[in-house]
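Presented below are the structures under discussion, each in the form of structure tokens.
Two complexes are shown next, each including chain A; its partner changes from chain B in the first to chain C in the second.
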Partner chain A sequence: MAIFSVYVVNKAGGLIYQYDNYVPRAEAEKTFSFPLDLVLKIHDEKAVVSFGQRDGIRVGHAVLSINGVDVNGKYTAEGKEIIEYLKDATNYPVSIRFGRARLTSNEKLMLASMFHSLFAIGSQLSPEVGSSGIEMLETDTFKLHCFQTLTGIKFIVLADPRQAGIDALLRKIYEIYSDFALKNPFYSLEMPIRCELFDQNLKSSLEIAEKAGTFGPGS
Partner chain B sequence: MTVHNLYIFDRNGTCLHYSEWNRKKQAGISKEEEYKLMYGMLFSIRSFVSKMSPLDMKDGFLAFQTSRYKLHYYETPTGVKVVMNTDLGVPNCRDVLHQIYSTLYVEYIVKNPLCPLGETLQSELFNSRLESFIRALPFFSARAG
Partner chain C sequence: MSRQSNRTTESKKMNSELFTLTYGALVTQLCKDYENDEEVNKQLDKMGYNIGVRLIEDFLARSSVGRCHDFRETADVIAKVAFKMYLGITPSVTNWSPAGDEFSLILESNPLVDFVELPDNHSTLVYSNLLCGVLRGALEMVQMAVDIRFAQDTLRGDNVTEIRMKFIKRIEENLPAGDE
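Our next item is the complex of A and B:
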């Protein structure tokens, strides 16, 4: 049972804080000989498996490292294109590590803004009067919880589907935000949060929530 | 506990079927716009979820809920999307949506040689069977719950 990450989105839909608590990395490293039986293609500046599945390598996994050296987008560490490199038989046998690509900061910014809009559309398409936006989104691998304050700030928590007590955690994060970000005279509203005390208190409240404890007064 | 409305989309975004039972608020835009907005929202949610997910997903996006309603989603491998809005008391009803697809859509539309796929469904039989299926659901109550 784990809490994966926390996002804070301002009134305009921009991401102002992001913290990855626990990111499970499903990776597989294998040695291949020529010819490579997986088909790779370039997607979002990364070399991604488009066809072929074996031994924990799935469609959508990106090339993370070649022969132990991390790749740089669609190029190897030396600057050669990965797809060209792997077409050359003299480079084999080669050991490649595949896995789900980690999100870059830019991608996180775009996803946070995307969620901001989806939240509003969820409220507009409501068949009932007076509905809020999306408060909980469920998939088979994670549950996304969102709490929107009266001032328009959204606190978003991604957690394991079985994790309980996220509503209390969202209220607690709001409390920590008002104590350590809003009351900080050097913090400007709607700007990225760069307050050490906010980080520390957020981490400790995530630990408490994962252990399924409750937040006592003044904790 | 009640069902508000039901949408069925095909892989190109055409709304094949829409019916409502207990809808209290209209979206404020025309029906065509609403179908496009709903399809666009679901498409974006699917792409959002596949990027955000920390592990490889098998079923993908299942449902979302707001303070007043819950939207249940089921997509077949051929791209047919069944979407149902209910109130908050309804638990996971993915198997109900699967049944709508397999016992109603496949039986009365796909197997009907006179029903052109990819267009809005005109079959009276499908409509009446769907009505009785939804009204027979344990969580459907005609009074607003």
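Our next item is the complex of A and C:
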């Protein structure tokens, strides 16, 4: 899976569509006995490993489920604080699943708005007049590509750094948006996109992009 | 008419007569509902506006034209690319005002009015007013405020159909970043 996610941001900076194409890999479930040799701390409303990395459980991984039941932020499903729960020897042996925490939809909304602002700053920082906003953001694990239409809508794709053909993919997503979102009379502009056909066509174009790497004329 | 697209998904051909009939049914129903030509003109303009704000994205996605930097470029793109793409006709651009902010599109043929005759009791009806709305909506989405009206109409006895477009101003609120 070389294309990780797609975001569509409207003119005002609000996220109107988001799709995750990847499966979080590193997840580890282990059974522990008292005392727990991992050090946990609360970070961003989640219980996160801060020290004691071992066996596939890395620093930064969050507690995803306890005894098979998904946790709710920093509380167990029953509402007890995880850290308190794990300090109590009577609750052991316990099976905990750790993994990289997924972004919640609120977090994604905030990140999209932040990116919208950074995009504008990008064009203002430029020493040249009339520069575009941020087109690509590169890190060692992914590249973020952004395409802004003349009408102010931004299409953002996060992909593997080696993935080619993302520009063509962005144009293709623009076409799919203009077809299945805009031509649906029941879809209101600037609102979240909830169109089945848009989802389906987007997924298939992501598959095509991953395999072929290019679209070419007529695909 | 066929859908101009750079996709090999079946290029859909639709009978242009069905299009004319559909538009005609729309206008006559509006006339029955509102019974007042001015009101019908307004409704057609509103409907055209809603089409225009959506059509512009389709146009930009398919035609890869960049941003137009003056009104003359805009006029050329509208006449040579947009009208050709959607209605299959190429109007001519004439009658520029001295300040370069107003021009006319002369249409020799108008697919919306094939086979149509306006009766006497609808003399103030602007039958193709949808087109005005479409152009207005589309240009508003690329930050241009324009005033569009029909100066001549073959349905009302003129020789050609003339659409007069006047540039009002650039819409500065909510400019996409990087576009000043």
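Definition applied: the second predicted complex is superposed on the first by the 212 of 219 C-alpha atoms of A that agree within 3 Å, B and C clash if a C-alpha of one lies under 4 Å from a C-alpha of the other, contacts with A are read in each partner's own complex, and residues count from 1 in each chain.
Everything below uses one rule, namely that a contact is a pair of C-beta atoms (placed from the backbone, for glycine too) under 8 Å apart; a residue touches a chain by one contact, two chains touch by 3 or more.
This structure is a prediction, so every number in the text was calculated from the model and none was measured.
In the model built by aligning both structures on chain A, chain B fits alongside chain C without clashing. Contacts of A:175 after superposition: chain C is touched, whereas chain B is not reached.
Once the two complexes are overlaid on the shared chain, A:149 sits against chain C while remaining clear of chain B.
Counting the residues of chain A that each partner touches, chain B and chain C differ, and the larger count belongs to B. Of the two partner chains placed around the shared chain by superposition, neither chain B nor chain C is touched by A:188. Once the two complexes are overlaid on the shared chain, A:123 sits against chain B and chain C alike.
Looking at the shared chain after the overlay, A:105 reaches neither chain B nor chain C. By the touch criterion stated above, A:138 is placed in contact with chain B alone, chain C being left untouched. In the superposed pair of complexes, A:12 makes contact with chain C only, with no contact to chain B. Aligning both complexes on chain A leaves chain B and chain C separated at their closest CA atoms by 10 Å. Residue overlap on chain A between its contacts with chain B in one complex and with chain C in the other: 122-123, 130-133. Those residues of chain A lying in contact with chain B across their complex are 4, 23-24, 26, 58, 60, 100, 103, 107, 111, 114-115, 117-118, 121-142, 144, 158.
Residue ranges of chain A in contact with chain C, taken from their complex: 11-12, 119-120, 122-123, 130-133, 148-153, 171, 174-175, 177-179, 182-183, 189, 217-219. Here chain C touches chain A in the complex through residues 6-8, 53-54, 56-58, 60-62, 64, 66-67, 141-142, 174-178, 180, going by the rule given at the top. Contact residues on chain B toward chain A in their complex (touch as defined above): 4-5, 20, 22-25, 27-28, 34, 37-38, 41, 44-45, 48-69, 71, 85, 87.
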